[in-house]
Amino acid sequence: MTLFLADKVDKLFPGVRALDGVTLKLEAGSVHALLGENGAGKSTLIKVITGLYKPDGGRLVLDGSEVQFGSPHESASAGIGVVHQERNLIPGFTVGENILLQKLPTSRGLVDRSAIRTEAARWLAELDLDLDPDQPVTELSVAQAQLVEIAKALSVESRVLLLDEPTASITPNEAERLFRVVAKLKNDGRAVLFVSHKLEEVFQICDTVTVLRDGASVLESGPLGDLTRDQVVDLMVGRVHEALALPARTVPAADPLLELSGVGTASGHADVDLSVRPGEIVGLYGLVGAGRSELAKALLGLDRITAGEVRVRGQAVRIRNVRDALRNHKIGYVTENRKEEGVFLEQSVSRNIAVTVWDRLRKVLGYVPAKAEAAMVAEYVEQLGIRIASPAQLTGTLSGGNQQKVSLAKWLAAKTEILIIDEPTVGIDVRTKDAFHTLIWDLAANGLAILLITSDLPEMITLADRVVVMRDHRVQGEVANDHDYDTMSQRVIRLIHAEGTTAA
Amino acid sequence: MSAPVSETATAALQEPDAPVEAPQGGRTPWWANQRIGLLILVVALSALFGVLRPAFFNQQLVVFPLLRDIAMFTVVGLAQLCVLSIGHMNLAVGRMAAFSMMITGISYDLWHFSLYAGLLVGLVAGAAIGALAGWVIARTGVNSFVVTLALDFLLLGLIPLVYTALTDNAAFVTKPPGMRELRNYSLGDVCIGNVCGSPAVPQLTLFAVIAMAVVGWIYSRTKLGRELLMTGTSVKAAELSGIPTARRVITAHAMSGCLAALAGFMLAVSTGSIKATIGEEFMLPSFLGPILGGTLLAGGFISVWGTLLGTALTSVIRKGLDLLGVGLESLNIYLGLILLVALSTDRIRTVLSDRQGVRKR
Amino acid sequence: MKRFAVRFARTTEMTLLVICVVFFVGLVIASDGDLLAANSLRVLLQFLAVPVLIGLAQMVVLAVGQLNLAVGAIGGFAAVSMGVLMAEHGVPVFVALLIGFLLATVAGLVNGLLVVLTRINGFIVTLATMTVLLGVQYRVVGTRTVDDYPQSVKSFGSHAVFGVLPLIFLVALVVAALLAVMLRRTVPGRQLLASGGNPIAARLSGISNDRSVIIAHTLSGAILGVAAILTVASSPGVNKSIGGDWLLPSFAAPIIGGALLTGGSAVVLGTVLAAFIVRFVDTARAEFSLEPSWVNFVVGAVVLGSVVLGQLRSRRQERRTVLKAPDAAVAGGVS
Amino acid sequence: GDNAGGTSGDDASTGTSTGPVTLKDGSKVKLALVPGGAHPYFQPWKTTAAQDKTEFKLADATFNETGEWDQGKQNNVLNSLAAQGYNAFGIFGVSPTDINSTFEDLKAKGFAVGSLASCPAGDTNSADFCLSTDVEAAAYKAAKAAIEAMGGEGGLVHLTGNNVDSNTQRRIAGVRKAIAETNGKVTELSVITDIDEDLQTAQKAVADLLASKGKDIKGIVTTAYNPAVAAADGVASSKLPIKVVAIDDDAKILAGIKSGGVAATVAQNPVGQAYVGGWLLALLGSKQCTMKTPGVTVDSGSFIVTKANVDSYDTERKAKTVELQKEFAAQLSCQ
């Protein structure tokens, strides 16, 4: 039974036709995948459905009758729950209030706190989430916040649930938990829309699929079972997509560029040993919250190192801040938090890339010659294939993939020799992801020492030479990579769950 | 390792068939540009007032003082703009001006400094007090609003104590040679051969021109300016890109203090003496100029020209109303209403240009 | 409960409460206990009513990430309107006060509407309405001081329960309590804070940020209306100077009280406590016959000191946050 | 002028002339009376300007208070008026230390300029003349009146305005002089400055003062408007036996005198300033006369008003005005 239908929906933005006659059909008791590259229009479609954007054409049909939603409030009351791609919690509020924000329970005109507590607890329990509804959301980890958002979407008693990249920032374990919930909802006869760039997940849980390309649907509600992964990718990309084949690369025997021994930090790391040689990609794997990003930040002087020693090129060093790391040690850090820490959304692409090299370009009185700057920027825009109309374009108007390229470009421009790359491909489509993999591979081949932090196991196995596994701020062990997914994933997962190899 | 990215990777990264992403907002028509809109408004209002009261174009009595005012408030605006660029505020602009002029006054009165030596001392004092504010903000991470507000109170207390201790009339009345002249000299007094400047342009405006040039140059051409703007856009990203954000915060506040001192000097010269109440009226105009001109309160974008135009707009409105003989009962009412209407038209223009942008496709 | 206690102990409110107590005890000792006399306490509280209200009026707009530069102009305009209506047009007390209150509320509503409809930065909008209202206030009252209104108003303004608790202070507390309940326990209140805390998320959750902005400004106007009523009742008369010094205290109280300029924080208690602290400084000024210059000096130092202290405390607790909190900027229009 | 209690302050008067000079042709004179900003003190100027216009048959006479207590704004107003053809200016300078520069500018352009109601700080006056209350003498008289009302002994408090205004410094000196003459019988308990900005600040300061020191205070002398209103009200409601001497004769204060809440007030002579000033400026502006000694300063008089003479002091003031005209006639050299 078709529960929901979006029929020939158009959406125009100033300068962009984001949706062009897109049709989407959601069946009761089935999970539907919505696929497409970055900027294909997936999120826009979801926002049109939930009444956040007014469609410029087409109609929406819910339960056989045409509907028009003036605001997300109306769509929520009609039983459409949604998890948006953007982080979506209100900082000063508790977990419970955030979950029930769309319809806070009241009694005698006042918000009923005990009702919030019980009802929120119910939704948290549904997700097997052990959280206190009275806890402020500011205390949550990224993954926990994501799960709270899912609880929030469920809480509107939704018959239709739209999930826009819900798994982008959670671990496989937590994703599994989510999938169990999705399966349950499906059995209850609800319709679920699932957007993800992780095709493994899509094939694991979805029944049918719609593929968008440049705002138009190139496949409408096809059964997923009939398609192979490659076929889906080809549809998204619009031509035959070749599977990634990385050229051979050997790690030259050399002294480590970066070495940690017995490092402890103020955020709780203890006895961390790690080394990266030039030309080597060392993967740092772990569950969300294992302390990998925090370790990276401590290396950059953003957190106190309380024990042990950090050696760069054999010299024991104390790095004070990112500037110090960059100038004196040629260490760069591509952050996992692209939008807040990686790029300056309201600044031009050119400034974003040049930010690390002004020191080098400047002449007397700090004068930065515009020509030299432009030439330098053009070089990296060209090399990384950053799609822009002009270097003056605001970075915030770029797609996620292009933003990520900008975030990386500034470290390449700074000619760093040690690069820490944190979750480089979160929310990035298959093709761009492959390009990034080639790039990282290539950087290593050119002699960079790379510490790659990623929660994407396939990515880790594709790229890393060695995988170091962390748990609870400690190193659990290390696995040499044989680039075979099945054996590697088993070994890595086993390490994560191994009891106290080093843990106290 | 000059080119760490090889051909293969570059090739892989290219997306030959993907459409270039359209720059949003970059393609607005000229008439939707805020600065041009302001310029048109200023010119139109001047013309209107000129028609209603031809005396509006009286060089000596109207244009000269008007330009002197605009010059001074532009510098005040620039003082605020420097901290706005990093997303901060300086509620103590006026008091910083008073503080630095106090030092300048002492240098004239007690140490018998020359006009410009005293100015220099004042500028240094302004930069120092600004740097102090910046330092507290950077060290403690307390909001700039709170820190500068508290500093304002502190100085509000300190300055009268010093004045009452050092002077009889709560003002430094010693005028170094040149101060009296600077007040009334115009470009008409600057001649190269037989060609003299306009008698309608006060020499004091040169200070504003220099300030605008320096600030404009810093923000558009130098590493410092770029780093300030980046810090204003996102402190986190700036810190993680190797910008010493704490130092930039201090720099921005020091620049602000220094410009406040310059504005205080211009005020002292144009009204006559160096007194404790200098700068009392600076706070609102300091925000009004930059913000009308498009500088963002949130940081990361500034406009030096816009500051000049924004300041000019308010000064022209006030002057015109003065000339029309609008009494105090109505003056503020008209002033507020004209401001609102002027800004609403700005908004309407933006909306229209957005619409047009859509229609073109 | 224990958890709540721990959280409260870490808040700005707690810091302020400690400062308040220390300050008060210090003053009592300094005055040889005179401050505990009924009359002294009454005077202390009498002049807290209006500062508390103007602080709250600003807090409520700060909560949606807006600001209101027109606090003094709205309050002053409403106060002189009430005074003139009663004294010179013989309008009955109740009606005149109601009209004044409504005028202030409408002024707030207009601020909100202008911000939402024109999308001009709230800073500029309220600056413009402030200018207009200052003009109107002058037009209404000129340079006179109007005080010829009925005795009932004045006795309301000066009456104190048990000779200690001024009625007007109680009114201010009631307003504060109502506002706290409204922000914490009603749906519009929660929505208002949600809009302030994260406008995008609020919008995605079906909350109209525009509505929140309008509600906040209107509430601000209404609170100022109450402040104006209390002013009329308690001052020797109303003239064009009423409201002239409200602006800075209106910001100082909530910000010292822990409000974020970016929005999302409801710090009713903090605002009230901050008003107390400022009031103690006044009392100290009279007690020690301090020159106002010294008082300003002390206020500056206390504000800076208390906030820096609070910051250091929370810093110590959050050692793990790696980056400094970015300096909050006043958010302009809310989309 | 060293005896208080209702005699005219004629200490500066030379009183040798025969009578006022008659203006021959005022038709080229456009007179502008420009106070520093809006203040009840200046309200009589408005009507007197109109009177000047008809009586002296001037081309125009205007009253402009848009300076808003800002020297820069006042300078702008003056320039705008000059641009509109006004050629004779009676000015109350906002900043006594700056106003000479303004006078010089106007003089340089050939205008007739009089400093009204306030003289420039220091020893020079760059205007043609200064016709003003001798603020120090007025404060001295007020303090004398207060001391008398107090019965010649006890603690006296002085409430005044902006501390960093040279006129305030003169007032403080005047009050101190009177206290010094009591040889220690009267002590100055405190001088409270900076409370003239608005009524509520003044009221709060008075209430705090009374609460903390009320028992020790025998008299209050105020030399600024808002503190005067606040003190009269505060003392009346506290029912303490404190004598209040106020400043100016605004309706509110006269009512206080009549009801006994205010012991005395020092009335100044704004009408005389505007009338005689206008007449002088017309003579100077029409080039009929010049000053024999440019920059001469004349006291426009100050008058102690008590319950006894509250209905008659105006007659005395009018007499002073006539006298002023004579006095100036002697200072003029006319064609």
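Order of writing sets the chain letters: A, B, C and D. Residues in each chain are counted from 1.
Simple rule for what comes next: a residue touches a chain if its C-beta (ideal position, glycine included) is under 8 Å from a C-beta of that chain, and two chains touch if they have at least 3 such contacts.
Because the structure is predicted, anything quoted here is derived from the model rather than measured.
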| item | value |
| --- | --- |
| Furthest chain, CA centroid comparison against chain C | A |
| Chain pair showing more contacts of the two, B-D and A-C | B-D |
| CA centroid of chain B to CA centroid of chain D, Å | 38 |
| Chain A-chain C separation of Cα centroids, rounded to whole Å | 43 |
| Whole-Å separation of chain centres (CA-atom averages), chain A against chain D | 74 |
| Whole-Å gap separating chain C and chain D, where each centre is the average of the chain's CA atoms | 37 |
| Chain D residues counted as touching two or more neighbouring chains | 38, 163 |
| Chain B: positions in contact with at least two other chains | 159-160, 234, 236, 239-240, 328, 331 |
| For chain A, residues that touch 2 or more chains besides their own | 302 |
| Every chain pair meeting the contact rule | A-B, A-C, B-C, B-D, C-D |
| List of chain D residues in touch with chain C within their complex | 38-40, 42-43, 163, 189-190, 192-195, 197-201, 203-205, 207-213, 226, 229-230, 232-234, 237, 250-252 |
| Chain C-touching residues of chain B, taken from the complex the two chains share | 86-89, 136-137, 140-147, 149-161, 234-236, 239-240, 245-246, 249, 284, 287-288, 291-292, 296-299, 328-337, 339-340, 343-344, 346-347 |
| Touching residues (chain side chain C, partner chain D) in the complex | 31, 34, 39-40, 43-44, 46-47, 50, 138, 142-145, 147, 158, 231, 234-245, 282-283, 285-287, 289, 291-293 |
| Chain C - residues contacting chain B, complex | 69, 114, 118-121, 123-125, 127-136, 138-139, 142, 248, 251-252, 255-256, 261, 291-301, 303-304, 307-308, 311-312, 315, 323-332 |
| Complex contact set, residues of chain B against chain D | 53, 55-56, 58, 60-62, 65-66, 69, 72, 159-160, 163-164, 168-171, 173, 180, 183-184, 267, 270-273, 275-277, 280-281, 318-319, 322-323, 325-328, 331 |
